[in-house]
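Structures incoming, each one as structure tokens.
Each of the next two complexes has subunit A plus one other chain: subunit B in the first, subunit C in the second.
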Partner chain A sequence: MSFWNQTLEIARVDLRVERRLGDTLRIVLPFAVVALMVFPLSLGIELATISRIGPAVFWALGILFGMQVALRQSAADTQERRDLHALLGVDPAARFVGRVLSGGVLMLAFLVVLFIAMVLIYGPTLPSGYWPTVLLGTVLFSIGLTELGTLAGEITAGLRNRTALASLIVAPLALPLVIGASQSLEALSRGTGILPWVLLMLATDLALAVIGVGMARPLEEATR
Partner chain B sequence: MDLLVHLENAGVSLGGKPILRHVDFDLQPGQVAGVTGPNGSGKTTLIRMLTTLLRVSEGAGSILGADVNSDQVFAVRPSIGMIGHNPALIDELTLRENLVHVVRLAGLAEERVDPVLEVVGLDEASDRRADASSFGMRRRIEVAHLLLTRPRLLLLDEATSGLDNSARELIDALMDRTIGDGGGVVMVSHDHQRLDESCDEVMALSSGRLERAR
Partner chain C sequence: MTRIRVLFSVAAAAMTVGLWFALTAPPDSLQGEYSRIINVHVPSLWLAFLAFGVTALGSIMWLWKKKQRWDRLASASAEIGVLFTGIGLFTGMVWGHAVWGRAWDWGDPRLTSTAVMFFVYLGYIALRNAVDDPVVKARRSAILGVVAVVQVPLVYFSVNLFRTLHQTQSIRPDGSTMPAEMLIAMLVNVVAFTILYVALMAARTDVARLEEANRETELLAGDAVKPPKLSEVGDV
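Entry: the complex of A and B
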């Protein structure tokens, strides 16, 4: 079976499992929306402040709850399943890309709904033409965070407290993504160029993709 | 005739602790080898070493012609089949979907799934989710998978534990098919009677060392 067929099969099955479990859209997302509502409640009727902090709160919650979305696959990954894939001849790189693909789709759906909820709750003053920038930032952020989560899941495979350890890896390494995504929207508001921030996210995504694909086999062999 | 497995003085260490030591083991095409031994003696480690998923820490040898100390083992893994302690199924998928997943990853035709489900007696229960299925049913899906992928080296790690007679017969049929195809079988079990009946030779594993029992 070709690399891409393996990749698509891994992604297809993961999305089917998610459709049945609903971890992302039925559990993580509602909690994230509730967390969005906590900030305005604590600030009272200061509508100007609420409006100003909306995008920042969105990205902060995006990283916090997004980590749970990014790490959901590794939480369900078992040694038996890893062995099965290896004995079927699945390329570890295809496994990595497949999981990033399905995780990225879920992350994007999660962030888009969370952004819409933020706009409705906070009513931020968004610059004209913000949608393409938000969408681009969200796509690049989703890819990068999913790559990080998948990579961290592979590094911590077989360890106790795997999810907690993986979070410790993801959180600091996701900083370039958070900075790039939040600053691109900020730059649009200021009327300055968004290119440096887009390039920062793109470079992070590409670096993680190269590391993830290149390290997939050595990591799989080392973590048995 | 080329040996399916040839190990010389092979050993495996985990976390710096030796689990298997000085293992000399040959398996010829058409041969069924049995391995027995007390709990913790290294039987599962031996099976995992034979899958090549656990790499040898010392010694030399080959499995299906691939040098165990080289990356050649990646290429022969699809010709190795294992039934371990826990069936490797995805709980949220149905039994049929689990088999389809395996068939797709193995690059086989999906049309072969339904006939083999009938062979293993799961044609009517195939839409049941794996996490709502009995251990025996899950095991039958693993047998169905191996009937489809036809491994040359079949490794059974207490594969018949907890199974009824009809499921045991399926595993026997799988062994017969593997032998008939010119492959070999290594069977780990505590059931001495079964080992005596099914195996050409039986080895005993004790404190990480493998010795001929009969």
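Entry: the complex of A and C
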């Protein structure tokens, strides 16, 4: 089986498990939308303020709940499953890329729905060219956060305080992604170029991909 | 132990010289006496960058050679790096309060990204504390040590990348923007802090070595060295 076939198979199985368990769409997403509604309730009826902070709240919730998507229970392999993959000769790098692929798809779906909810609830003023920039930012943000989540999930696999520890690792390291995503929208509103922010996210994604693939074997051994 | 005592003596002497330079250098014409904080702030953050770089190096070397001494080097350096990042953040906030009028300014990406770096390495230490097995601990923290260093350049170049209140680098390839006396005082302190780092590293890696030896002794001796449970002793 080629590398890419292994990758796609891992991603396919992951998505099938997620479809059965429904961690992302049935639990994390509704919780994130509720959190989206908490901010206007705590601010009071200040429509101008609510409209202005909408995109910022979206990225803040994107990272907080995105971590839950990346560290979802369905993405946590049991030791038996890891051993089975090793015995079948699955390339650890293919396992990492497959994980990122499936997690990225889920993350993207989650963020798109959350963004639509934010637009409906907060009613932000969106300048022209906003949607393609949001989509590009969301894709790059999803890839990077999933890469980080996959790395942190593997590093903390099997530990008693896994969720809190992995979040502590992911949240600060995701800073370049949050800055890139939020500043690209700010730049669009100001009428300045978005290229530096897109490049920042792209560079972060690439660096994490190189580290993830390069570290795939030690990551696989990390839980033994 | 003699080696560590000598290192700490040299560090104490160097820090004394650094303090003398810091107190005798002329103050900045605008910031006055507050500008002397630079002699602690810059060396602390220089050490933080150095320490996290050494952590990354130790992590890579552990993944390559699988020798426990590289793990000791990486973990000791991370702990010292966190300590000096904390000092750098605190002195930066004191300086900011005096010069900008507030301790924390969101218009300063260097401050924010340094705080983030601080938390990344707190996560590194938390990960190490969560794992008992020394090899598993070394492997997991080595991977994180490599991942974590990716954001260090972002912290360093944040003053160039973003619009910020924070000044850009004072020492550049084309020269320095600081007066000579202030620059010399700061560089003397950078050297003094670096010697202190070496002394702290030597002490911390020695402690780590003793901890490992102690753990091995416990493993070899097993229950023989453990106190009996109260239920086994009965009423006393």
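Keep this in mind: the second predicted complex is superposed on the first by the 219 of 224 C-alpha atoms of A that agree within 3 Å, B and C clash if a C-alpha of one lies under 4 Å from a C-alpha of the other, contacts with A are read in each partner's own complex, and residues count from 1 in each chain.
The rule we apply is simple: a residue touches a chain if its C-beta (ideal position, glycine included) is under 8 Å from a C-beta of that chain, and two chains touch if they have at least 3 such contacts.
These numbers were taken from a predicted model, which means no experiment stands behind them.
When the two complexes are overlaid on their common chain A, residue A:9 makes contact with subunit B while staying clear of subunit C. By the touch criterion stated above, A:151 is placed in contact with subunit C alone, subunit B being left untouched. Applying the stated contact rule after C-alpha superposition, one finds that A:159 touches subunit C and leaves subunit B untouched.
Of the two partner chains, subunit B and subunit C are each touched by A:221.
More subunit A residues lie in contact with C than with the other chain of the pair subunit B and subunit C. Shared-chain residue A:81: touches subunit B; no touch with subunit C. Once the two complexes are laid over each other on the shared chain, residue contacts for A:52 go to neither subunit B nor subunit C.
By the touch criterion defined above, A:26 lies against neither subunit B nor subunit C after alignment on the C-alpha atoms of chain A.
Residues 221, 224 of subunit A touch subunit B in one complex and subunit C in the other. On the side of subunit A, the complex with subunit B involves touching residues 1, 5-6, 9, 13, 16-17, 20-21, 78, 80-81, 83-90, 217, 221, 224.
On subunit A, the positions that touch subunit C within their shared complex are 148, 151, 154-156, 159-161, 165, 168-169, 171-173, 175-176, 196, 200, 204, 207-208, 211, 215, 218-219, 221-224. Within the complex formed with subunit A, the subunit B residues making contact are 48, 51, 53-55, 74, 77-78, 80-82, 84, 86-88, 90, 92-93, 97, 101-102, 104-107, 149.
Subunit C meets subunit A in the complex at residues 63, 113, 116-117, 119-120, 122-124, 126-127, 130-131, 136, 139-140, 142-144, 146-148, 150-151, 154, 161.
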